[in-house]
Structures are given as structure tokens and as C-alpha cells.
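Below, each structure is written out as C-alpha cells.
In what comes next, chain A is part of two complexes: it sits with chain B in the first one and with chain C in the second one.
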Partner chain A sequence: MAVFETRWQPARPAGGWREWVEKIPIGYWAVGIILLIMPAGASDFVLFQIFGWTFILGMIALSLMLLGGYGGMVSLAQMSVAGVAGYMVAILGDSAITDISQGWPWFVAIPLALVIAVLFATVTGWLAVRTEGIYTIMITLAIAAAFFYFCRQNYTVFNGFSGFNGVLPPKLFGVDWRGPKAFYYLTLFWAAVSYFAVVYLSRAPFGLALQGVRDNPRRMAALGYDVTAHRVAAYAFAAIPAGIGGILLTWQSAQISPGTVGIGPAIDVLVIAVIGGMRRPVGAFIGAFIYVLFKTFALDVLVALGLSGERFQLLIGLGFLLIVFFSPDGLLGLWDRWQTSLRRDPLTGGERGAP
Partner chain B sequence: MSDVASVSTRLAATGTANALELRGVSKMFGALAALSDVAITVHPGERRAVLGSNGAGKTTLFNCITGDFPPTSGSIRFFGEDITAFPPHERIRRGLRRTYQISLLFTGLSVLDNVYLACRGVSRGRFSFIRPRRSDALMASAENLVEIVHLHDVRDSTVSELSYGQQRQLEIAMALAGAPRFILFDEPAAGLSPTERRELVDILTGLPSHMGYIIIEHDMDVALRVAESVTMMHNGRIFKEGKPAEIEDDPEVQALYLGVNDG
Partner chain C sequence: MRAFAARHPWWTAVIAIAAAVLLMLIFLVWPQWLVAGIGRKKVFLNALFNGITLGGLYFLVASGFTLIFGLMRNVNLAHGSLYLLGGYIGFFVAEWTGFWLLAFPAAFLVVALLGVVLQVVVFQRMEGQDLRQTLVTIGISIVAADLMLWAFGGDFYNIGTPSWLSGPMETFFVTGVKRSSGDLIFLKYPLVRIVIFAASVGIGVGMWLLLNRTRIGMLVRAGVDDSAMLSATGARINLVFVGVFAFGAGLAGVAGVVGGTFQSIAPGEDIRFLLASLIVVIVGGMGSIPGAALGALMIGLAEQFGSVYFPTYAVVLTFLIMVAVLAFRPQGLMGRA
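Presenting the complex of A and B:
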């Protein structure tokens, strides 16, 4: 025990929060400050369309990163979970379809929408966790497809093909939250909350156990863990960032319709997560940023080159192929490899001292 | 044989539950009988070695006891409770532990995280969303276990960086997490150096006396030093049971096992 005590290093030494703040890498400060002061210079289009959308898709991809990266379960139903939350906000709250929308106040409609999204994800997870690998993908894809067709054909609750328009955020604190700057900060706030929650969770018992289940489910059972319950709980938890993303997505375009939750968008979430890399939570947002840039500007670039504008999906597909081909861990994987090669001594090939 | 029998009648008379009691346990893989009609009784605190050639059914026996692969027929009692139909995690939570022949570790996590997961698995808060502090009681017991198996110097290393012998030691630390009542060691000495073997024997003989175990071991030197009774298995059946000395001297056993292996 003597050895034990001399090596003992408390997690937070006497300095308290100041030392804790100093431990945060400089990169985090730089990104944080840039994101916070961005509205001072950036145009409304960049704030609302590029970054707002990036943060939203990032949150939905983050929920997939949590399941896939930490839990080893690739789910194609995360867009559906987001869609459930988005639809519920429209159905329970206000929209232009007054026959269906209940018009309940936001503080009832939003939490209830999230609860329903969590329930939906729990059922999805409960069906999917009994399978592995490709079969998980198939089941969740089937659920996504079923939800899409159900929304399109059900007119009494989901208003069928046309869905809901005029779904607006509440005018809380007298702010128009769909104004570009306000919406930017709103999405930035929730993206940051989701991101740090997932980062924090990854080292909490639940997150550690989830990674254990990913690496070795049999061993986890032999350590006393209920593997199935852990996997289902991961689906339920992942529904929260996806659900928040879904509500914000509905507010951004002021509408939700079956097209929002179709097979295409469901697969796009996977594409985003893979482009960014599923190893760390930040990959979801990097992937979303690149996807949004492609989706917004590829059309203009193609037209400028004299090609047909509809081919932008082809560009995304090619980019996806290249990334998967050269780095299965996405851009994060490329970045990690570049960092390792920087540390490598060019003469000996060994690692230099810690940077 | 006679000693085992007398202990068993004595305990039956006092009504104390056996640590482990297998009755008529069989395991079929298709048409292949990996275990047929196995009956084993182990008393609390007893240390038993299971010997047998490859394919004798030793690891299958462990898999049936822990529920990794439940038996096809028969019943298993753990301290008097029928656990035959329990899922693995329920058996573990009742104080049963095992190590694996081929290390099943979380290679992407650190040594301390592996042991911490093992400690957390048999206590409350498995679903906790709150990060453990270094002062956390479970974190302290994880540190303690890392110390017991001499892995303190590498506690923050990723498991994939450990040597084979260190991984085997980590296996043992994870089996000791919580308050085990009975442990199944699946060839813990396989692939260890002579020094590491001596350390292993020290760890096993140093376990608290109430902590019984079954150890599968090919190395007779290790097996006979850490066990007080021996079960010989052959072709999925119990072949002989007795004290180590009796088994060693038994001509049938020598013909079947020792003779073959020692050449």
C-alpha cells in the first residue's frame, strides 16, 4: 500500500477549477472562441444555412456515433428518431395544419416530443440489439423505411404526403429564434451540450461499459453486466441528441414531411458519421460540416463547370468512396495518422518524445 | 477419494450448501457430446484442479457453469441455488467468477479501466452517467486489485500494449473483482514464463481461504501445488476424483494422461 499512496494523484489538485481550465487544450479555446464570435462577421446565409444545418446534422450523426463508435451498433434509424421528435413538436405544438396540431404550449410539447422519441428509439433498440453487424443495419433500415411509408400514408395524425408546415420555435424571451443569429446560437448551444454530454459519458461507467460491450459482449456478461439492457439503454440515450436535432431541423425549415425522414436522409446520417469518423464525438460535426458544404456548393460548382446540377449526389458519393477507401476511420483517422507521422523521427522511424 | 467422500457426508449432515453442485450435466454440440452426465460437487472454500487431455470437455464444463453456453440437460446449483436457467450476468452477480483461456480483455481500454469495469459489473451503478473520481470506492478497490496482481506500473497503459503474461495477470485481477465466492480459472498458467508461474502460484495460494476455485491446468507442478483435490476428465466424462497424490499414483491416470504427456 505504500507504493499506492506515494503514487496517488488526486484528479483535481488543490488549484480547483483554474487548473482544470488550464488543462483544456488550446485548440478547444480557439474553436470555441471562433464559433462564439462568428456572427459578428459571417453572413446570415452562412450562419443559418451552413452552420445551423451543420450543428443539427452533427447532433443526429452524434447519436449514431454514440451507438456505432462506442456501442458497435450501426443504426440507420437515427433520422427516424429525429423525425419522430420533429413530427411530435408539429403535432402536439403549433403548425399551419390547425386541424391536427394540438397547439399545446412549448414547455409541454417539446419535452413530450423528446420522451416519445426516446420511447421510439427504445423499441427500435429492443428489436435491433438481438442482431449483430449487417442484420442490425437491415432491421434499423427496415424501421426507417416503415416509418417513412407510415408518415406518408397516414393522414389522420401525420398528415400524409404534405406533412406539416409553419412549425415555428416559440418566441421565448421575446427573441425570434428563427432569426439567423439567434438560430445560430440556439443550434450551437445544443450541439455543444450534446457534444460535451457524449464526451463526458464516454468515461462514465455507462459509457465505459458500452465500449466494453462493443469490444467483448461475452466478457461483459461474465463480469456481471446485462449486455442487452446496456445496448437498449444506449439507443434510448442516443435518442436525446437525435431528438433535439430533429426538433431544430423542423424549426429551421419550418416544416416536416415524409421527405425529411426518407431512406435518403437516413443513409446520409451514416455517410456523415463515416466521413467524419466514428472514433470520437467531434467526427460527427466534422462530417456534417463537409456534407453541408458539399450539398450547398457542389451544385454551383458543377453548373459552373458546365455539368448538370443534379450530379451533386455523385460528388458526395465519390468523396465518400475516397474517404472510406483511404481512411476507414474517416477524416479523424487521417488526422490521427498525420499527427503520428509528425511525431515520428524521420531518421529512426521511432516516436519522438511526447509533444 | 475417501477424504472427499467423508467431507461431503459431513457437510451434508450439517446441511451446509455446496459451493457448486452439478448433477447429470450434458452438453451436446449437434451430435457431439462435449459433456455427458457430469456430476461434480465442490465445497465452499475447496480448491479443485480439473485435469484432462485436449477435448476432454474442461472448458465446456466452465462454459456450462457460467452460462456462456448453457448445458443441454442436467442441473447446476451454486451455494444451494439452482442457477441452471440463469443468464451469465446473474450468475456472476451471485459471486461466481471466471477467467478465460484466451484472454478476453478490453484491449482498447487501460488496465485500470478494465479492472474498474469488472468491479462495477458486480455492484450498483452499472448504468451510472456520473464519472468516477479517483477517490471513488470502486476505483480504490480496482487500484488495489491491480496492485495484487503486480500490474501497478502499467495501470494506465492500454491493454494491447501489455505482454502476454501481464494480460493473464489482468485476467485474474478481473476475476477477483467484487466479492467472489467461487472462481473458475481456465488454464491461467498457459504460456507463462517460469517466474510468472511462481507468481501465479503465489497469487492463487494467497487467496483468502473461504474463496474456493476450480482450476484447469495442464502443468501438473502448478495444479498439484494449488489444489487440494483433483478431478480427471476424459472424453466429456468424469474419469477419476481424489487427492492429488492418489491421482498422481493411479496407474490408469498415468497410462491415460501423465504417461502420454511426459513421454
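Presenting the complex of A and C:
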């Protein structure tokens, strides 16, 4: 029935865009407009450090959310994928290490970096999907560690311990893209693109099949879906937001070194995704925002409480522990539970408004 | 073995030739062309011995990990933290009492107790939720790493070897011939490493016997195969779980003392040994003690030979072994499909 209704729907009436505006919940409009006009009021530090970093980490966590939330595969190698893209931009493009960097123009270096990141993620995925559940975490952790040590010890291509510095975005359209406002809009744009791409993907046939594979791989295999191919493809697709995030991360700090792709950052990405919640794509950005706030202001809070500022990791770890202990779905899970408890009728215990 | 030889004559021949070459490399005096090709024999023998003894250390860490995993399907990513804590406890006990040997039971007991707390507070509450358990143990390891950094600082701790174990020991492996007199030169190797390796072999054999020849071992093996059925027969499965977890954690603590004597204890070692045990159990097969031994030996040797003969890519060699095993035998060398 539903198929017929949609197929025979008459052409949109003249005021169609108004209906379209009303269809999108008010919250989306509010967040969108606030994010767009933010540079008018916020300081450069807030724009560049806090929001720029939030969007970047959010994109990398989003790629983990796509794998973990829709694919059921928790990968710790997403930071390595981002690192591959960042390294490739430094190696193929320009950096201060002129005897390694090739100095190719940006329209070659950036797409090629993303392609290499996708290839890396595909190989990682091909290895990781041979196993399931917790094994995947272990294998991707091992891959992330191997990549970290490899970068640190290889001097001919990855320039070893010191990595690359002076990696700057191209001066496209005469704009300095590392300027706070420009960088803010750059990261916002790519974060929004990644977000909507993942939302779209989750409703597209591929995303639905991926969620089917997550819930019951045997049944999906019996229906004729190639389970392994779907999983590997998910790794490949997730590499794109991670790779863009990695390139932006490299530009933001103007450098990339093995420390960027170490085991600590790899686990931080997992922490971000879990704090936000892996159920919906927006969780990645919520988690990233909280993480960045923590990382930026924990020092002041700790000092104000009379503790040493070095205990930042402890605070993050305890927060992570509390969240996974009490709400495995992260903050989104808490929100959802609060919403359902609001809707519950105190007398019948059923949902309000339900027949 | 005979059945294997009959089924795979070619592989048997290859393995036999490889073993013969290895034995010749170990026992014969190297001719000049070989020394010119791959360096002096002393370097080779040292790498071999270091690899084997490092494998013993890896086995101690990984066997606890694999035992816990095999029985309870718990991935305890805080295992590295238990190792590090054991090392610190061992250091302070040895420092205060002056008895190196006392460090082992102390580390074992404290870390095993911590393991019991972990099992009761964390794992029993989240039984069957693999992912959540893993995440919680990651959280615990972050917190534990920072607490230990707070308590013990970022310094390197080295547990001193007692005088009766320190110093080199003359072995019967020939490294070369003296030019002047024609006497054979024998390899000298630190006594403490040999003793500790022997002890870890002893622990491994003991564990194998315990698992395969005793009633408790029978309970554990039955639990590995089907814990629901075992508890239906009236065995107190939770007690077995707690016991195995305590033992596995305690082994990590003992390994920490060993690691502190071999090398040193410092922040970051927890992740290094967690990764080592992950790779060892992935290579050897999850939940298999002989697999852990084989994997530990392979990884230890790969690391040492790699760092001697191609230092830049030593870590990558370990990783390549893991990839090869995953590609051709995803369940691990000794794992059950």
C-alpha cells in the first residue's frame, strides 16, 4: 500500500519549500542557525580550538559510530585511518620537511590521501572482519599499535619520531583557511557533510543491509546478502569521514607525528563515541564536544579543586567508566530514557497517548 | 607424529631440514662465510636466548589473559594494568624486606585479590555483555594507569636481582674459537634470565597438568566447553570463575615482578604488555594454554631477531606474523574452530 501511495503522490504544491521547512524539527533549525552565526560573537579561541577541534574529533568518532552503531564492529583503528590521511597530505603535499614532502598540488594530494586512507581502512577491515565482537577490538587495537610504531620507526617515508610540521591548508580563493573563522566554517562544512552522509547512508539500502548484518548475520547471509562484503564496505566508507577529519586535524595543529596516532588517541576516539552514544550519528559530536571541553578546562577545574592539573586522564577515565557502567548507550541513551519516562503515564505505566 | 608424516611428507621434510639447520646454527662453530653474511654467532645466540626468555615472560602475561578469556569469554583489557601493578608491588616488597623471592607471592596475592574484586564487581554484573565488559575494562585501565602514575611517578623502577642470581653463567653453547690458542669460547648468559625462564616453563607445565589431570582442571575445562550445563550439574560455577580470574590476574602480577627484574617497570609498559598478550593469544589461539606458549615463543623470538637483524621494522615483523595467522587460520594456531 505504502508503495502505491508514494508513487501516486501528486506533484508538490507551489508552497512546497514551506512544508519542507516545517517538516524538519525546530531543534535542527536552532542548532543550525546558532552554529552558522556563532563566529559573529564567539572568540577566536572558542572557534578554532573548541569548535574546530570538536568537529574534527566528531568526524573521526562518527566513522567509529558508523562501524560500531550500524555495523556492530567496534574498531580502534579509526584514528590510524585519520592518521594515514593526515600523513599522506603531509607527504604528498607541502610541509617543512622538504626532502620528503613531494609538494604536489592540493587537488592531487588531498584526493590521493583520501584514497590511500580508504585503501588502508579496507585492508584493516578485511583483516578485522575475519573475527567478531571483542576480537575485532583486539585486532584493530593491534593494527593501531603497529601503525603507531611503524610511523615512529620509519624515517624514509614517515620521518620517524618528529613527524611532519608546517603542514598548511592551501590558500584556496585567497582565504587563509587556518584563520579562526575560516577554519571554523571549513570544519563545520565537512562535519555537516559527513553527518548528513551518514544519516543518509543509514536509511539507504546499503545502511539498512548493514544494520541487518549487525543484528543477524546468518539470516542476512541466508537472504543472499554477502555479509563480509558489507562489513568491508562499511570500513571503506567509514574511512572517508575519518580521513577528512585526519586531514583537518593535521591542518589545525599544522603538524602530524606518531603521537597523533598513538594508542592513547585511538582509545580517546572510542571514549568520545561511547560518551556521546553510538545509537545515532549526533552522539559522536556530542561526545567530542564534551571531550574537548574536558580537555580544555579540566586543568582549571582541577586546580580550582586543589588537585594537580595532571590528573586530567583520571577525570576522563572516571567519567567514561561511570557512563559505560550506568548507561552503555552514552548520553544519548540517558536522554532517550528520560524522554520515555516523561511520556510514561504515572497511573497505567503505559505510554501516554497510546491507545 | 607418524600420522602427520604420512599425510604431509613434503612438510615433514621441510620441517626436519629447518630443524636440522637451526640445530647446526646453534651448536656448530660458524664458518667464515656465514659470519660475513649475517654477523657473528654470539649476536645470533644472544638474540635466540633473549627471544626465548622474553617469550617466557610473554607467556606468563598471556596465559592468565587466555585462561580468563577461554573460561569466561571476558576480555580483560585491564590485564596490562594488573601486570604493571604487580611490578610496582614487587619492587616495593623487595625493597622493604630485602628478599627478592618474597616479591612473587606478595604480587600474586595482591593482584589476585584485585582480580577477585574485578570479577565480582564488574564481570559478574555484566555477564554476557562482551562489549560493555571490554569498554569497562578500558575505562579501568585508563584510571589505573593514571592512578599508578600519580602514586609512583614516571620513573623507571628496576627490581634488583639477589646476589646469588646475578652475574653471567657459562653455558655449553660455543660462540667461536680463540684465534691465539684454538680454545672454544662459550656463551655467557645472565643466570637470572635462565632461572626465570625455567620457572615460567615450570609454571606452564604445572598449569597444563592442573588443567588436564586434576578435578579442578576438569571443572575448568567443562566450564570452557559449556558453563550453563556445568552449573546445571551442581558445580559451583561462580566459585570456579572467581578462582580462575584470581589465578589469571595473579599470574599477571607475577609476570610484573619478572618484567621488573628482566627489564624495568614504567608507565606505558601496561599497554605494551597488553598488546603483547593480545598478539600472543591471537596468534596462539584464544583460550589455549599451549597456544599461548607457542605464540609467546614466536612473538618473543620475532621481536628479538627483528631488533637485531632489521631494527627499523621489528614491530612490523610481529604484526606480520599476526596478519599471516589471521589470514590463514583465523582461530589461531592452536585454537579450536
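A few comments on the model shown:
Note that the second predicted complex is superposed on the first by the 335 of 355 C-alpha atoms of A that agree within 3 Å, B and C clash if a C-alpha of one lies under 4 Å from a C-alpha of the other, contacts with A are read in each partner's own complex, and residues count from 1 in each chain.
Convention: a contact is a pair of C-beta atoms (placed from the backbone, for glycine too) under 8 Å apart; a residue touches a chain by one contact, two chains touch by 3 or more.
Note that the coordinates shown come from a computational prediction; the quantities given were computed from them, not determined experimentally.
Of the two partner chains placed by the overlay, only chain B lies in contact with A:Y200; chain C stays clear of it.
When both complexes are overlaid on chain A, the residue A:V31 reaches neither chain B nor chain C. Of the two partner chains, neither chain B nor chain C is touched by A:L172. Once the two complexes are laid over each other on the shared chain, residue contacts for A:V157 go to neither chain B nor chain C.
When the shared chain is aligned, chain B comes close enough to touch A:L208, but chain C does not.
Of all residues in chain C, those touching chain A in their complex are 73, 75, 77, 129-132, 134-136, 138-140, 142-143, 145-147, 149-150, 271, 275, 278-279, 282, 286, 312-316, 318-319, 322-323, 326-327, 330. The touching residues of chain A, when paired with chain C in their complex, are 74, 127, 130-131, 133-135, 137-139, 141-143, 145-146, 149-150, 153-155, 263, 267, 270-271, 274, 310-311, 313-314, 316-318, 320-321, 324-325, 328.
Across the interface of their complex, chain B is touched by residues 1, 3-4, 7-11, 200-201, 203-206, 208-209, 211-212, 215-216, 218-227, 230, 233 of chain A.
On the side of chain B, the complex with chain A involves touching residues 66-68, 87-89, 92-93, 98, 100, 104-109, 113, 116-118, 120-122, 125-135, 143-144, 147, 152, 174, 177-178.
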